[in-house]
Amino acid sequence: MSDFAATLGGIFSNPNFYFTVLSTTVPILLATLGCAIAENAGSTNMAEEGIMILAAFFGVIGAAYTGSVWIGLLVAVVVGAVMGLMIAYFALYLKVDIILVGIAVNLIGSGLSAFLMYVITGDRSATTSLHSGTLPTISIPGLSDIPFIGTIISNQSVLAWIAYLAIPVMSFLLYKTKLGLRIRSVGENPDAASSVGVSVNRTKMAALVISGILGGLAGAYLSMSYLPYFSKGMSGGRGYIALAATAMANNTPVGSFGTSLLFGFFYALSTYSSTLGIPDQLVTTLPYVATLVGLVIFAINVQRKERKMLHESGGGHSSKAQQVADASEA
Amino acid sequence: MANDDVNFSTRKGEIHAICGENGAGKSTLMKQLYGVEQPNEGRIIIKGQEVKLTSPQVAIANGIGMVFQHFMLVPSLSVAENITLGIEPTTGLKFDTKKAAEITKSVSDKYGFDIDPAARIRDLTVGVKQKVEILKALVRGAEILILDEPTAVLTPQETSELFVQLRALREAGHTIIFISHKLGEVKSLCDRVTVIRRGHTVGTYNVKDVSESDISRLMVGVNVESKVPKGKANPGPAYLVAKDLELFDLNGKRVVNDISFTVRSGEIVGIAGVEGNGQEPLVNAITGFSGGGSGTLSMGGFDIRSMSIHELREKGLAYIPEDRMSTGASGTLSICENMIADKVDWKRYNKGLLLNQPVIKEDTDKWIKDYDVLCDGGNQKVGMLSGGNIQKVLVARELTGLAKLIVCDQPTRGIDVGATDSIRRRLVNMRDSGSAILLISADLGEILNLSDRLIVLFEGEIVAYFPDVSKVTEEELGYYMLGVKRMSAGQIEGAYSVQ
Amino acid sequence: GLGLSACGGSSTSGNSSSDSGSSSDKKRIVYVINGTLGDKSFFDSGHEGMEKIADQYGDQYETDTREMGYDTSVWESTALDIASEGWDIMIMGTFDMVEYADEIATQYPDTKIWFFDESWDFNTYPHDNIYGMLFAQNQGSYLVGMAAAYATKTKKVAFMGGMQNKVLQDFFVGYKQGVAAVDPSVEVVDDWTQSFSDSTIGHDHARALYQQGYDIVFSCCSSCGLGAFDAAVEMGDGYYVIGVDGNQGEYWASQGDTAKAAHTLTSMQKNVNNTFLDAAGEELKGTLPYGTVVTYGLDKGGVSYSVTDTTKEVLTEEQLAAIDQAQQDIIDGKIQVDTTF
Amino acid sequence: MSNKSSKGIAERLRSISVQTRHEILRMAVAIAIGLGIAVVLIVLTAKDPESALTYFVGAPFMSLSYFSHMIEVIIPLLMSGAAVCIMFSANQFNLGLEGTIYLGGLVAALSGIYLVPNLPVLGPIFSILLGGLVGFFIIAIPALLQYKFKANIVVSTLMMNYICLYVGLYFLFDVFKDPASSQHTYPIGSDAGLAVLIPGTKIHAGLFLAVAVVIFAYVLLYKTKLGLSIRTVGQNPKFAKYVGLSVSGLALVSQFIGGVIGGMTGAVQMLGLYQRFEWTSLTGYGWDGVTMAIFAHNNPKYLPFAAIFLAYFRTGAWVMSFKAGVQIDLVSVFEGVMVLFIMAEKFLSGTYRKMIFADADRKRKERNAAKGGEAA
């Protein structure tokens, strides 16, 4: 047991571990922010998984055929935006349930990326034959020299910095701008928004496009930063994790950071713990169990808060959350 | 087709009423005027110019503003944010909170509304919310203001305050289109009235030239007597008993304070009161929607709070809820399924493990006929029906159960005269056949007409009790409802009558 | 259990005889993959072998490669369907396919099966139209284990496998023994990624191992293992991957990826390609010993360890000589390598 | 009665409501778009497009074994589809079937190895029920977390799937692996598997069970009070509570039933097609169930059509993949596209309007004609 504790202590005192935590958190964070902004507009974006994989694939193709990772990044972002538009079109204009749109897009994403990879590159599992390159990493001179912290934050990809920067940017967007105001009002009471001439569909579409762009960035990170190639199924369920992280974060950008970091932490721990002497399969469940537990803790908290809200809103119009609360209290 | 060949016109600076039965198409017509829905044919002319109102934006640009039947506000946002939503002032990328507050302030000052721009909508009372709605339209430069049943949720005081403001707006040259089922309001406020019946205009009249009964006759085609005839009650033993009842909300705040009353079999007990004075928690407690509190609350001798809704219904509870669309019915289920939703356990509707569909169909068809539900048949989805017909389905379901205790919360709100009359008659019939009925209604006429005994609730307490309703006037009731007057404990004691 | 009627079999085998009759005298040989190509590992290597056969014996063999994908529920149907096309020789392998090969061997006695990567149990499944090919990955792993022990600066080396299946454990036991043979004080850890396909997982596990001081990682999990090379490059000097199945150092070099080549210490090559080619040659001579299992170890060149520029840079000549000596000792039977088979 | 039966087909077609006719049209166009995209991709990428297309479109009729493969594919589709229909009818977006199927399969295999290896008929039935029980326990976790704490069911079930997989892998590798095998359990007993129905094929007795499960799901949802209650809850929970139904209780029950069927799906698949348990990843049948429920609009009545349809083209894609070398991944693109269009309420809504007008027109003319006839 003390051996176990010593190993664990060794992991936690290793700055590289935290480097790994931060870098594995990045794609999840980006996707979580994407889910969060869509959720704020009242649209559950379950399609980050599919967006990510398609963006990762097309980004690599773009980078390889133009010889520039930056163009690859642009392609990934454009693919993300287009997917966001497509989701919006089907969900908002053709009225497909948005969860089902998500499931469909994920199906298409996994199939199309694998299919086209073979057709375009002749590779079946990974595009190692292409030289698509990686986006640069950034080390800030002063910071990198700080002993422990320096190791953690230096040499993180430029996209990692973008991801962490996206947290305040998304906060600003949601809470301080016109678009943010509209997104939140459309999510909370679409009828109110449309009655004053705010186009619900266009606002939701904007949120979904931003959501798609964030998913595109997440994809780009996977195939042009984390690894220098596209590999089949490399989104690895991160889109679903993002959905969980969003739910746990109550759809706030700062909360999204916390919850994706939670997953990143336990995921990193699971990759580290071959030395812990626990069966590897069980260790692999760690991040998922942690997410599930986090979700439950969050839900308990919400329940408590909802009780309060219930009182505050008094006899007025009951919110949706309240209706649900009412309904399931039977 | 909701509207078929409607013609009407308004003049600048008038208050123009639109009257019609439920489902006559009033709201639909207004939505067309506001660009939310598009008419299939016909023309809309504003100031001599034909316009195509393809969206609310276009309508707003043409000087039309609308206050919907249901509030269109975002609860978590502030008043200023709600008012400037869609026309947000910005500095650079940022939404300019200060400027939004200024805009709100200046318009509310101009029209004499007293509103705090920073308040959150969810903290406001209904009356203030209504004002925010009107301000929203005015800020956008509305010259034609459409109000869809604005008074339905207001207290009498709020209503008269609103009328003062509407008259002021009229003086300022605004045109107001006013929809209401309350003909008294139409008479006192409006200049002209257009009557719609089943999607057709019947005609436009000067309000001075027509009486209330004229209007109601025009609406339904026959003159409906406004009072339901009813004989003397013949009450049995107390069926619903509330003794020293205290109820708390989820934060522990007391919302019903030490009240005692009974409802006996064979009588109708009315509860009058301005909305938000404890009716909702009381109804929720009696119908099993929420538990907790202290004191006795029993039905037919059983403790209500130890029973689930299911058990309560098995013991004879029937409940006509206030909110028919989201609570009282399921729009996506068929009429049959809605009708028997509370009776699925009945032997009659089950054959072995399966539902006995022919019997269900047969009974539903019968009820559709009895209750005069306008529909294509039992398999039609309830959501396809008009509001009044949905209410009829709901009432039919509730009154065809055991219905030993019937809790009616606003049973005829927003229902046309014919349907209202028939529902009231049925309640009286149920009383006569021995049901105990608790009636909560904002419609004082209804309360006074139907109740045998009457309680007034104010701030969660019983402030008045009338053992004989026939002697009560609306005016007197108003004093108690507003807390101006209050009876002595001895007088109120009578509400708890076991015999 | 499953039974198959004679009627289905006979009608199709009737077809097959007419098929093979009409298409000249070439032997028709098909390589059936229970997975897909692109694993940069033994499926790909086998396919290479097929191409070599076509090159070398093009006038005597007609070759084809078929992929069955990763949906295990269709493997049986697919394999039987391919068998019904009337091939002279079917090549298939891995434990997953044993029972299906048994069915085919029973139903199509005229079709010969070369079965690789699993020890065919002729007691349970006695077929004289089956030829078993087993690779002694434990022997090759022993040698790369020695290389790892020589190369490590931290005295900690790792094995990274996908899942603990028998073949991979065979790799591991050989590797561990090889490390210990050089220096018993070197710590060997085994890490199982639970994936054979997701390179990001391979990358993360390898990186975690490096960051914990295991400076050599023997990466044995197909596409998942590709990520290890990226992790080594990221970590910088002194961190190495040992490749598997093919000569991965050479592969990276051929792709112009010098960084990865420079981090590839050596590779445990499983020369499926050459094995197929050899077997095809013996088949023509009529000397292929059907009804037996042949182990392709270091002696037959079934497995080998690769020496690239990187290998020569990292290891001294004496060390390389010691590895070669061990190779000879294994061939001579002086060293017995542990195995899970 | 006789009058009705003597009606012509055209007449009867016209008597179908405009809504239904439009629904059929929409479905047809959705399929056409899905197929169109698939065909374009095949033509652009296949070495021999002609034979690839032939396999894709016609494989099930090209040989008995392909046809029987189609039937094999139908079995899990029907079962998981029924499970999802029941859960979705209660409006529970429970996506946890993957996990139940995986562990249901594992436990059924273990039962076939250790508990009832030599008990014909009853043995497999027992194993399948045991699989169902496992499905129940697995689904119970997220369902109860939702019941007690309102933990988001979509998210918790997605997490549960991963947990089930890795826990299953642990038991497979560390506890129950046959040391002589690669990554498999011991083989199940000689009488533990499901009997083959048609010799020469792999169509197994699970087909009966699958059909029974679909019928059960339909009868349950549309003919019993429990089903009506479940659907009431699914359509409007507030209303359901109001009429005295236990909303969260029924949500639980629907998920329990779904979980049991999920576990049984895994068991049937295992005992019908495999000798040993050897799954090292999630099977995908759970997601298939979602696709099936979408195609069937949550009504089990339509599951057989949806299953035949999907199985037909999956068989085509399967044959195409190993005969003509076209990537089987194509099939998920095809299915995803169709999910989008089939669920698109507003898709072809312009045509819908025209159909309604045409219908009204026709009715008016008929009425006029009838009047004219009377006058004459």
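Worth pointing out:
Order as written gives the chain letters A, B, C and D; numbering starts at 1 within each chain.
Here, a residue touches a chain if its C-beta (ideal position, glycine included) is under 8 Å from a C-beta of that chain, and two chains touch if they have at least 3 such contacts.
Predicted, not measured: the structure shown is a model, and the values here were computed from it.
Shared contacts of chain B and chain C, meaning chains that touch the two of them, come down to A, D.
Any chain touching chain A that also touches chain D appears here: B, C. Ranked by the number of C-beta pairs in contact, the top chain pair here is A-D. When chain centres are set by their Cα atoms, the one at the greatest distance from chain A is B.
Averaged Cα coordinates give chain C a centre that lies 38 Å from the centre of chain D. Each chain gets one centre point, the mean of its Cα atoms, and the points for chain A and chain B are 44 Å apart. Among all residues of chain D, those that touch two or more other chains are 166, 169, 173-174, 238, 240-241, 245-246.
Each of residues 289, 308-309, 326 in chain B touches at least two other chains.
Among the residues of chain C, those in touch with two or more other chains are 194. Pairwise, the chains that make contact are A-B, A-C, A-D, B-D, C-D.
Those residues of chain A that touch chain D in the shared complex are 44, 46, 90, 93-97, 99-101, 103-108, 110-112, 114-115, 118-119, 237, 240, 243-244, 247, 279, 281-282, 284-285, 288-289, 291-292, 295-296, 298-300, 302-303, 323-330. Per the touch definition, chain C reaches chain A in the complex via residues 36-40, 158, 189-194, 197-201, 203-205, 207-209, 211-212, 222-223, 226-227, 230, 255-257.
Contact residues on chain B toward chain D in their complex (touch as defined above): 289, 308-314, 319, 321, 326-333, 337, 340-342, 344-345, 349-350, 353-355, 357. Considering their complex, residues 172, 176-178, 180-182, 184-185, 188-189, 191-199, 307-308, 310-317, 319, 323, 326, 329-330 of chain A touch chain B. Chain D contributes residues 219, 223-225, 228-229, 231-232, 235-236, 238-246 to its touches with chain B in the complex.
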